[in-house]
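Below, chain A partners chain B and then partners chain C, in two separate complexes.
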Partner chain A sequence: MNLRTLICPYDPELINGLSNREIGVRVDSASLVSRAAEMVRNSGNRLLCVILDSTQPVEAVPWEDAWKGIPILLTAPAAGEFRKLVHKLPLLKTLNLKIYLSATDENIRDARILSSLGVSCVLRIEAGAVDWEALTDLMTYALCARAPHAPIDPFDYIARKYDAREHLKWGGVYLEDAEKYFHLDKEKNVALSAKEALARQFIGRLDEIEKAEPEEIAQRADAWSRNFTGNSPCATCEGFKICMGSFRPEDGKTEGCKAFFSETIETLGELYAQKDRAGKERVWQL
Partner chain B sequence: MATVIFKATDACNAQCVYCDVAHNENAIREKMPYEMLELFFSRINDYLLAKPDDTMGITWHGGEPLLLGPDYFAKALEFQQKHCEKTAHRIRHNIQTNLTLFKREYVPVFKQLGVTNFGTSYDPYTDLRGIGATVDANLYKRKFIESARLVEREGFSWGMIYVVTKLSLSRPLDIFWFLMNLNPLGSVMFNPVYLRDKKLSYLDITPEEFADFLGAIFPVWWKNRWHMPTVEPFRMMEESLIRGSRAMICCDSGICAKTHFGVAPDGAFFQCGRSMEWGLLGLGSIRERSFVDVLEDPAKAKMLKRTKLLGETECKGCRYWDVCHGGCPLDGWLKTGSLMSRSRMCAAKKIFLEKYFEPAVNGDGSQKKAVENCRVAVPAARASRPAGDADEKQNGAIWINLRGTAGDALMLSGVLKQVADRFPQRKFNLVSRAGLDPILRGHPAIGEIGHPPADARIMSADYWEEPGYGNRGSEAGRAYQTLARMFGLELPVDERLWTANHAEKNRISFGLPWKAKSLLLCPAADSARKQMSIKKWEELVELLSGSDTLIVQAGKRSAPYIRGTYSLLGLADERELIPLLQRFDAVVTVDNFAMHAAHLCGVPAVVLWGPTDHRVSGYSGQRHFQAAPGCGLEQGCMSSGSRELCCVPCPQGHDHCLDSLNLQEIGGAVREILAGKKEKPWLGREECPAGTRVEEISLP
Partner chain C sequence: MANILLTSKCTRSCPYCFAEREMSSSPDQILSWENLIYLADFMAASGERAISLLGGEPTLHPQFVDFVLYLLQREFRVNVFTNGIMSSHRLLELKEQLGAVPNERLSFVCNLNNPEQTDAPLEQQKRVEEFLGAMGPWTQPGFNIYRVDFDLKFLFDLVNLYGMKRRLRLGLAHPVPGASSAYIKPGEIGLAIERLYSYRALFEGYQLDFGPDCGFPLCKFSDEQLGWLYRMGGVDMRFKCGPVIDITPDMSVYSCFPLSSLDRRSIFEFDTLGQVADFFAETHSKIRAEAKNIYPECDGCVQMNKGICSGGGACQLLNIFKNETAVRLLETESELENANLPV
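And then the complex of A and B:
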């Protein structure tokens, strides 16, 4: 069994009880960021990142110089007021930082601004009321815009990992991939996503799971294949390879997500073709 | 390659509506007895001994072959090991299964048999395929999907046949996308339904309907073909009509009688699997006849005459003759009662090509792009032709543009030698490139080496950009096989290397302080990503050093020196390296020219792999050590989709995958080779006085 990266709450007893693991440590206060990073690094484990769950917008987070050198994953409800945020940009750009925002209309707009200011961000896309058209625009900006800008995930991740002949799972962008991440509570109970950990939907204890992997993990990893046994419209979608049926809205209206993922694949195809052409041109200039 | 359709049982757990075996009262539901199975492998061995240049493909068919159980396959493996000791490497096992019975217990035996791929059938939208007497389609679909996942997890690949019936005609694109999404790495073949039972006529389709079904899908596939699985018959038509390939499936080859035959559970021989199901063209029994006998049977010779006959009569003047040859004789028989008539589906092919293929390929400028992208730029919709025909004379030979490394040049040289052996008239020109030309100079398939004129027809030899390249589950995805396919050779081919232009004599080894054992290290590669760190090499040298072992390093002058070795850096170019390498008992190398050269010379090699994969580029018979990429790029950073990274150093630093290889294991493998080395006539090298003539070893 491959050793998963563990996403843990900030709990010295828990983390000191682990050794030689890669750990993402979750804190709910900016004041704990440095302490949490130091604690993981001194515990004989490797630090993936400190996850700061902020209830405040990005501009209101009390950013510190001391965070330089700490990989930080900030989840925030919004970017906030840019006239305030702009003063913090010089510091933000020196940090090893990714800002996670849910894909609301406002955040889709703000992600583009953050990216153009050189701050890397991640949009949390979930099935439901997403403005797919706005998201398509942002994807085009993220992948094709020539103006310098910071990566916007998941688009950047998809573009880097896309292989036209394979399915692409990109839940890992959100630390949600049953084959790569376990989310722990203080008692070492394991959930397969942050949301499930919060709702205490655990699949077992870490030591037991690592002794004998429950079938549930393989089932979760293969959940996409259920699209092929029912009458899921996703099975015939042109964008399936990079969506894998994960974003089908409950109302069954798939036009939006279908257009978005199909367009993404088309854009990637064009990008790859451009790259190929560029390579060939170089050869003939010898 | 000879192919035997091997039905060890006709029993099946499914009862698909249109299946001839499931509803055949004469089908043999019992398993072929072990003593006959043993005879089967003994016959294979006899055949391969009698035909030393041939290979034997065994297609396990049925019924459902997985009903035989893992033990039956284990027994087959045992008989193969017992009877085919010297020929087993020329046997290829394929399995045609509905997959629903696949389980982990099959994995070890299939891997030992060399199975890498499963052929299956699937139909997402009808209930025609189902399990048991009730034809439970839902159960079939569920089990199929579960098994497909398991098959992938266990490292096999799989492809599908989709049988087009009347019920399929309303949603061709849904079916197409479904199959593409389900298995983006696999392959799909669309076949028309063949029905003998009149009660099933509601499923039958006309040639026009089949052509229109294909035509609805083709433009989508054509537009996206570079990033889609192989879809037949499209890919084959593209290969034949645009690239001039002559490799075809049995139905269209016109020579199926020469290559295929079937064996039934009771040991009866037939022309093929379908003729077995229909009780036609029996050719005696395995108890009485050898495979050579069967393939040379007068009835088969008569079948071969069908091709000639059709070419002169019914099919005379057809533009598409070379991609069809009149189609499957059994299908012709179904329509007219005569095996000498053409298939009714010939019409489907013709309609499809004229109505859909040619407009899509020729229209909207995509043909221009197609020609740019295609390896051989031959006008579309021109039937493939024998090599070296008038067209080549008129338009001049095709220029091969070889990018890549000297190793690629050596591989290309090997492929071209096989082309030259088969088609001695065929000549190519080579776009001149410093460093690569010497390997191919004097090659019988190469006319001119130089700079192509403006209107030259240019063929790229970039095999890494070919669809299907790098597919680790399939032999066809291997580098050599891909290159061979690009030159129209029928796969699989033996991966033989060849060069006419190695240095005649080894001029630099006489000064070496030879010892009882000699080891050549070639640590450098064209890409830094393919190299192990010097520190690790030095540790390896320390491990292997001994008073009886000479360790020599070869490479370019600029390559870093490994302490503890005798340096020949800068002294041997690729041409010199070949005769030099033959003097050594073993080579330790990475994925570079020396790896190919060792294969050429038959010198045992230990090869270290990281970002590239030995299953794709390595040779059998070499000892491969594959580092797992720790960088998150599971396919390795230099797989088919990311080859451009070869010029950029690995950002992982000390965590570079190749540096994670276990030196003790590598050292152990080298020691094993050195310990088992055979005495060679030139072993007394240290006593060899300067100027003494040492017998050269001739290259394969």
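And then the complex of A and C:
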């Protein structure tokens, strides 16, 4: 059984009870960031990152110089007012930071702004209310913009890992990959995503699961194959290699997601062809 | 350097406005964030370190202050061409958000009209002075000569009163070929220069120098006047007309307002600003090949042949040419008829 990275709440008893694991620790207050990082590092475990779940926009987070050297993943509802954010940028650019934003229209715009200014972002794409056209535009920027800019995931991850011969799972960008991440509560109950952990949709306890993996894990990992057995329209979509059916909207209107993922694959194809012609690595990151 | 137009709206109606036809024929537009970022990338990739913001009136853009902050964060020097007329709210934003930016990084050129010669409501004048009161030290005065009896005295007082930068951006109001805005005709340029020279004591007394904008022909300055320009020190004497690149909110690009309908393209057709400049240099060459020069004596002029003087602005040439076209057509038709050539 491969040992997953554990995404844990900030609980000393829980974390000190683990050993030799890679741990992402969630906090909901900026004042806990440094303490949480130190606790994990002193517990005999490896720190993946501190996940700061903020209800405030990025510009309102009380960023600290002391956070340099701590990998931070900030989940925030929005970037906030640019004129307030701009004063935080000199510090933000020095941090080992990824900002997670949901893919609203405003956040799609702000992810581009942040990236162009050297701050790495991750857009949380969920099936449903996404402006696929705006997202396609952002994808093109993330992959093709000529000026150096910070990565925007999932595009950067997809660009680095894509292989035209294989399907690509990139849920790990959101720390949601049943083969790589477990989300724990204080009692070591395991969920396969943060959302499920919050909803207490657990699949079992850590020690039991690590003795014998439950069916749910394999089912989650192979969920994509049901598109073929279930005769889903996604199975014949040009974008399936990247989407894997994960983003099919409930209303069944797939024009948007189809266009987005197909164009992403097409763009990647062109970029790879360019790279072959150029014969050298293209630098994506600042 | 290129000018990025943030908006197609303006708050003033200058009698000489050479942007008026372009502005009135464009739908209401403002530059989007996505396009601003694209242009910043484009300029950076072209090796440009300075960006000018224009309009219409650029401060009308709802995100004007944020755009300036963004470009500064991208390490561009930002220059804003403004008429200084803005709401109290916008002025407060400028003061609060931009008041600490060093004036080597951010500058304004405030285009000033003589209130006695250019009809404008008192309210406008008041707003200009409020702007200068707040942003004077960042601001260079600008003035467009559109009548030979122009009066500059008001300007020296403003420069002193508001601590403005002591360098005047001085332009000749350009004709928009086919339009009816006020401008200085080629035969009047010498008179305008004499009028300018008459202010030399004030220029020297107020220690104000100036940078003449495009369209001034060298031959219309006497040797004494040229000496005066030179003695003022550091004057960027330009007698050439080259493509000034203007990029609109909808990402069209053209070479300066008066020529905005000629060879208009999309910025997406080019990879660098250099390519854009080369393209419009070709446009200028075509105009000059067809329309020759604004004075007969330009033919065989040593300074023209050496490339020191362009022989007037391309817009002035095109204006003459467009005005000639109908006459030449009729003349040419009747010439051919009378020639009784065998068919």
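Assume the second predicted complex is superposed on the first by the 279 of 286 C-alpha atoms of A that agree within 3 Å, B and C clash if a C-alpha of one lies under 4 Å from a C-alpha of the other, contacts with A are read in each partner's own complex, and residues count from 1 in each chain.
Please note the rule applied: contacts are C-beta pairs under 8 Å (C-beta built on N, C-alpha and C of every residue); 3 or more make two chains touch, one makes a residue touch a chain.
Since the model is a prediction, treat every value here as computed from it, not as a measurement.
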- prompt: On chain A, do chain B and chain C fit together or clash when superposed?
  reply: fit
Message: Per the contact definition in the header, classify A:R200: touching chain B only (first), chain C only (second), both, or neither.
response: neither
- prompt: So which one touches more of the residues on chain A, chain B or chain C?
  reply: B
- prompt: Touch check for A:E238: first (chain B), second (chain C), both, or neither?
  reply: first
- prompt: Once the shared chain is lined up, is A:T229 touching chain B (first), chain C (second), both, or neither of them?
  reply: first
Task: Using centres of C-alpha atoms, tell me the angle at chain A that chain B and chain C span after the overlay, to the nearest 10°.
output: 110
- prompt: With the two structures laid over each other on chain A, which partner does A:F82 touch: chain B (first), chain C (second), both, or neither?
  reply: second
Message: Just to be sure I read the superposition right, which of the two partners does A:H167 touch: chain B = first, chain C = second, or both, or neither?
response: first
- request: Return first, second, both or neither, reflecting whether A:G269 touches chain B, chain C, both chains, or no partner chain.
  value: first
- line: Overlaying both structures gives a minimum C-alpha distance between chain B and chain C, in Å, of 23
Complex interface listing, chain A residues touching chain B: 163-167, 222, 225, 228-229, 235-238, 240-241, 269, 272, 275-276, 279, 283
Statement: Within the complex, chain A is touched by chain B residues 124, 138, 141-142, 145-146, 148-149, 173-174, 177-178, 181-182, 184-185, 224, 226-229, 403, 465, 471, 635, 641, 644
Message: Which stretch or stretches of chain A touch chain C in the complex?
response: 82-83, 86, 89, 109, 112-113, 116-117, 137, 141, 145-147
Contacting residues of chain C [partner chain A, same complex]: 33-34, 37, 40-42, 44-45, 63, 65-66, 69-70, 73-74, 97
